[in-house]
């Protein structure tokens, strides 16, 4: 039996790992996927969260949400489904309890912002503008939205334009817009977000999926449908990062199934300026730092001085 | 070492396995996914292809296509990418060499039809109308199409409507329309296909994906982007089958990652009237008959007299 | 299954669990939560008692010790039984407990029973299982308690026939433990319907009750919110706020 | 690696391959193609010589015979070397062959060499490898031929230094085999650049040439069209129309 233990920190390297994501300076290209790392504290026994390129917090809304009924997860081949439903205790709780702790460990902080209406996004950002501990926002536009008729607003150019425009007006901090992969043409949505003022894009959020227990004839999730993540979705994520990064001029944060440094390098070659480790944290709570170290290994092995030289360096 | 050997046939069962897919009568609910089984002959050493619910042939165009450059496949976590590019020798070759053989082994035959223009689909069908050995058509509308400006015509309601309407006018045989999963709203496309005259729908075709060799900094496919299939996509496929079958009144053929009878039962519970085994044929060339036998096992174990009672029987 | 896991084995408190993963189960990403049945602090080993449920447990059943398979574990995780921190009978007074284990739920109660007995408290144990051969913990409990636990099997092949809730009701109606002192608490682990019935009976007889809940878990560290339990105070995480909960806190 | 595979071992013709899968490699779906190095028809076993490339071969390297791991195989698959069906020297006249194996490409030529020698034909063998220790087939060829094969290593640690194409050119320029009869055919298996150079040299000296090509394969039975090779007659499938092709047929 191997026991995960000890707070891992990245090893020293001569490689310049720093990247700049639309004004967000990261010491290395590795952040976490929102919702898989809470606000970092739960993982601080395993990795020094202050050493990550950034900590991206769980999606936060104005007054908090209850989320969906359990069961909320199901395992699928090389992946998992979740229907957490953006459970969160609200932005005030984040500001009171989590942000000061993140600041105390020296973390670079990206707050993932959710809302059920366009106005709610703005309200959350306005509250957070009062905190000195926030370095960037990530707008999770894959929420069912009342202003968009209950539809997922991340799927329509009009609603994407609207919510990004409003969020942009509310802050001068770096604004990352997180795209859903459940669309016909990711480049169309990417361009809309850029045009509306996004400083960067992040993708992919989860793919909609479903799992069934044949013996019991029942869905495995109480909500029936959930979001697919993990290595299974990596090919789709890589393709979308490649397409989106070629369609826009702002940087892209790549995610979707990243478990190893080789995965991270693949996303950077495809055009990502930074990457996020999500589901892999559940598999190995030290995955983030292992990915950072592995990127350094890769650069050293290939004689690359700065990790940013990998961005979009795919030969094809 | 286990060696696959012998021509497997389904075992006898008292369960009524027959299903009717929009006029296509199948002795059992199991066909193969187009492109993974050629026209059956290559698999006849492993399974008696005449005993399958139906054999769905590789996509065929009017005069044949060369397909893409190699490498054309890449392995991904629990899945694979392909960029075969619909290589085929044309409909005349199919009629001369393959259909008579399929008839000789007593196969029920679904011909998967491709075209680069709306007119080409009609031409292929018109040729095939001369053959007595075709029991249904499956229209693969996930092709880049000149009439649709080079776009994938399966992604737009207008082009789906057009191609299905034309194909419908060309034949009285059962017409199955095969949907691409690379769309924002599968129900919209499903309804358009139904309204234009489809007798049934089949889904999903492959998800667009990409794979990279980090060490060589190159895409793993010569075409860079390819279609993802296999167990990795099963949750997405199940979700779309569930959504589509609730949105239309015509039957649905479910596919995407089906490897076992449990997978097949899941698709039927989600609303599929029949299922197709695709990538799993590569993993186990006897997968089709094992799935048929396993569906019978399931029905016997659960006291179900007719497999069709499973269709849409999910409790949620 | 016996595993070598010094950190878990030494740190484990009764009621806590370990979150295990088998690297050779490539397509199955998630860790599986298991209670610790016995722990040998000196040897740094522990045993896990498991029931065949799905692919993970089927994989475990096929592991051959000879091949020294690797298991990755996070642990110990979670909130222990509150009785685990009870001072010894000499210091804080002697208390009586009713421990109810349904099926494999008998496992996580064993460390608690051991702890309570060693601290001089009175422990009554009720075990339920489908059939005699599934009462795998019975002898160990008998050795620990110095007398047979109360047993019921669904098919009547050992002890009382039927659900073990009948035996629990008898004990609670008696109002006191076998040695005559009133129960300080009931501790239950087993299928949810069983826990619910026992919790109801305990409330009816005004005995405090704790339950150990099972939820599907992704992270096992409190971060992902996959394992929530409904409580009057909102959703709480079974992995770190539980798995042991006061029965009154649980909205079933 | 030695595997038990009676059907494959008995039916294999020189140049054919087996398509193998390891059920324990859950997340890796596809079978891997491997040539048969030696086959023991009576024992029903065969050996495969493999090079560490990626995850599948890494997995193979970790297999422990003691655990009798399961391997699933389809085979024999594919078109054999055309020389494999040559009648014996007594019946059809004695012919000479030049066999060129680069790296692990030496494996699939061994069954052919065996067949040709047993039928009384003349066989010259050129082997190339990166370094001396990679010339694993050398001794077996030496035993079979009764004399040393021509060897080259990239680092010069055994035989000629550099690419083995130098040795091939020498032989082809000589125009005849060591025993003085003109070459009827060159058979090559190895990295594609090597095969290409040898094919060019063979054409320049008007000796027929066959090559054994590697392509990624999904089905291994001719159905999926993943493994195509460009030829003047269109795309052909390496799995069933090959892997052995007439070098003239291949558009590199």
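Should a chain be cited, it is by its letter among A, B, C and D, assigned in written order, with residues numbered from 1 in that chain.
One rule holds in what follows: contacts are C-beta pairs under 8 Å (C-beta built on N, C-alpha and C of every residue); 3 or more make two chains touch, one makes a residue touch a chain.
Just so you know, these numbers come straight off a predicted model, no measurement behind them.
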Could you give the fewest steps needed to travel from chain A to chain B through chains in contact? 1
Per Cα centroids, the chain farthest from chain D: C
Chain B-chain C separation of Cα centroids, rounded to whole Å: 48
Here the gap between chain B and chain D, centre to centre from mean Cα coordinates and rounded to Å, is 37
Please compute the C-alpha centroid of chain C, do the same for chain D, then give the distance between them in whole Å. 60
Enumerate the residues of chain A that touch no fewer than two other chains. 77-79, 230-231
Where does chain D touch two or more other chains at once, residue-wise? 26-28
Chain B residues touching chain D in their complex are 1-5, 35-38, 42-43, 45-46, 58, 66-67, 70-75, 77-80, 82, 84, 87, 230-231, 279, 281-285
Mind pulling up the chain C residues that touch chain A in the complex? 3-8, 20-21, 26-31, 70-75, 215-229, 234-235, 240
What does chain C use to touch chain D in their complex? 24-28, 64, 67
List the residues on chain B that touch chain A in their complex, please. 76-79, 81, 155, 182-185, 207-212, 214, 217-219, 224-225, 228, 230-236, 238-239, 242, 257, 262, 265-266, 269-270, 298, 313-316
